[in-house]
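We call the chains A, B, C and D, going by the order they appear; numbering starts again at 1 in every chain.
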């Protein structure tokens, strides 16, 4: 059977996954605007299409028509390369993410490591953009992003180690299988699992530059951070990378801690997607509620609180595994 | 009415104050940094959080500021020159645009300056309307400040925006009250020399009472925002500590001064108009940081709401202007002389210094805006601070560029 | 047509080739209509908010009026914006900066002059430091009169701009936007004409003032007889 | 409520003291020591030359001892002369004197940083002088 060929299978699943991510990105922008509007006593987009549903399409069409400006004194090659690299990297990170049994573009033995390492590469296009823009705000934003990524990688990986230790495998499929029977890692080992889940979630927020850790963007300080000089669709690609990054982080949290595609009635990708979107919406909720930390404060938070806690969690998980 | 001594125990607050050494705003950057390694960042004049068109030239070492040089005048509209060309009656709508979030206070200050020269006193009903308007304006102005302060900390795409939208909702309802009173949402042109132009319409008291009942219930939300939000506390505590002595020497007044522990309010200490009979509770805090300023403003809003409700009870009947036919320009002609009158605007001491030469136009009219003095704190506060903290400090000083540049 | 980096307009060769393709006209006009729809419904605004009108601009973005309803959001950087809303007085010191920010915006771009200060300088127009209207140094597409205009007036301005873009893209003739007549600027938000407390002499004085004004714009000088 | 300045041969009436130029710094130093630490304003008004008087400016400083004791120091400065600066005593005088220099054209001797504050550096003239036309052109912007 032709679908048995790993290349064909990977291609088909990858195509579906990438399109899923893109479509979710588009309408999550709509959802976020509506959601934020409801939080702020206003309706959000209403005029463009029914309930404003066509708003993302209009935004996309507009961004496509804008003039493409490369600022004077910018490093042209890096400036032009940064947005597509960001978008490609973040879409590639979804390759190892299974949406159901066998529904994965590339079933890697080290799936967790692959996804995490690719998402952590996102700092490179951001730094390229900040450096190449010839803009001080962008440079400051890139510096902040690099500092943030370097620090938050540590607790992110340490907390992701907890399900790996508990499941005894680096393969995402094995980790999900280990959680079957509703023994989700966020719930079952009562202490370390939940703590690791919260840590993973927090550090994912920081990785994806979401409030309260969005200091690389910091509109009120750095105008628009690294994207200050980007016009049209290049800005759109950064925007896409940011949202898809958040979505990938939600998907990862789902497979690592929330039992993946397991759920009542019928197991399947719909549960996976539902859980991930729930987390995704929660991130929006956090975003439109909280203020922003200062750079040094959240570095202190990372190194003084998150890293020791994640280490302790890892040790506790290892002990749990050893004793049971 | 002290709002407690801020959030910090007094010894700690004293320590913070002592540590806030006065940095030199005239630091010579050339000799400090002969290599030219500092990053020179021009914040503004068009920047999301410079509250208008302020430009601050920041010399940054990494992200830490070494020296901050504010450049003013991007909104210098020559109001003082314009006042020399217009008659006393025509000036009121012009000064509305100075402190554009508290237009009523501007009108009150300038007309009180003219009344000092003329030696007239508005009738009791007009005094009531003036005090009412000023207190309502104070609430509206502080609401806007809380919202923009949230924007400075949370960004236009985050929790700050949510706070901003909520405070604007309340502010809109106050503007509605003003619209019913004066016919205009924003720039009222409602006061004139010797009294008011617009009398209270029927049913207005009920509207105002309802509005302020709602707002006073919702202030609880903002209060809980201060007390329970860890990020807010982390961002404002101990940030931008204003030394009381420096503040006095810089002529800073209003909430910024009171948050530094100086118990001083013109409404109580140099009473004018109706405040001679009214007991005003002055809110102070001792810490002098951004959170103390937030708390003082919150307490002031509460006090203003109390005053509004009190004033609504006892509006006397009678005329609203002592002068006849003041609607026509040229009818107000004070004798030659120099007068100064000051009121407590939402931002502090808003004064008018008028020189009259016996004609129907002022010879020279200076508006002493509190924002200019508050902004002059920035070169002293910014050195040693992070870029993020400079934004927060600047926001907490609440400068309105229309009033700074005039 | 497109604009290259030297600000020259040119017809893309691909576009030329497409036009010769049979049946392309139907497809192209439809595509153009779709693109125009996208363009008009996602006008991101750069708030050039200098003074009072800036506060009303904020009010327009806030809950009662909500610019987001028609897909308009404010961005802090000119590079990502389509419409510059000049809200407030522009002084001689500020004008070069406004021009620079306008030049930094990518094509296609439009400008809305919000408030009488931006339109003509209003009563500051004779002041030594105030630019008498931003259209003296940059193009303006829509004028929104008022001092400051109510947020709903700004909404109407954005709607007018959308209509204008639509007509331009369809190649139809649009009425060139002129500075609004000064009588329009002076109309109060709530007419208190019928109020019993209003003196008849006020109405007469207003009428006289309106009749004595320069119908062409707002740039009348004291020494200049119309 | 007037402050005693008799050892300077000055009389305060209604908070207002007319001070000769050469005594300003001494009087101000004395007042600063007396607890007048709140600087309210520094204003200037220009008076063009008339038959009896040369071209001159009126400068007024207002100082306050909290809560409500005011003293206004009033000086007449001929245009050829400079007013002594009080920026060393009250920091607020720094910007206030710069503003009056910018707009009215009064020069302040001993000011640490006497530049224009409101108008661009290259602006000709001082707009709040009586002989300055309100609608002066400024190429190319107006």
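Everything that follows uses one rule, which is that a contact is a pair of C-beta atoms (placed from the backbone, for glycine too) under 8 Å apart; a residue touches a chain by one contact, two chains touch by 3 or more.
This is a predicted model, so every value here is computed, not measured.
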item: Third chains touching both subunit B and subunit A; value: C
item: Central chain (by mean CA position); value: B
item: Intercentroid distance (Cα basis), subunit C paired with subunit B, Å; value: 30
item: Subunit A and subunit C, separation of their C-alpha mean positions in angstrom; value: 39
item: Interchain centroid distance [CA atoms averaged], subunit A/subunit D, Å; value: 61
item: Separation of subunit C from subunit D, taking each centre as the mean of its C-alpha atoms, in whole Å; value: 43
item: Sites on subunit C at which at least two other chains make contact; value: 62-64, 76, 93, 127-130
item: Where subunit B touches two or more other chains at once, by residue number; value: 47-48, 73, 76, 78, 81-82, 156, 165-166, 169
item: Touching two or more other chains - residue numbers and ranges from subunit D; value: 118-120, 127, 132, 134
item: Touch relationships between chains, expressed as pairs; value: A-B, A-C, B-C, B-D, C-D
item: In the complex, subunit D residues that touch subunit B; value: 37-41, 43, 45-46, 58, 60, 62, 66-68, 72, 90-92, 94-96, 99, 103, 112-113, 116-120, 127-128, 132, 134
item: Subunit B-facing residues of subunit C, complex; value: 48-52, 54-56, 58-59, 62-64, 74, 76, 88-89, 91, 93-94, 97, 101, 123-124, 127-130, 147-148, 150, 188-192, 197, 199, 201-202, 205
item: Residue numbers on subunit B that touch subunit D, as the complex places them; value: 26, 72-73, 76, 78, 80-82, 84-85, 245-246, 248-251, 262, 264, 269-270, 338, 340, 342, 349, 351, 353, 355, 363-364, 366, 368, 372-373, 376, 380, 405-406
item: Contact set on subunit C toward subunit A in their complex; value: 3, 5, 34-35, 37-39, 41-44, 62-64, 66, 68-71, 75-77, 79-80, 82, 104, 106-108
item: Of all residues in subunit A, those that touch subunit C in their complex; value: 33, 37, 40-48, 52, 54-55, 57-70, 219, 223-224, 227-232, 235
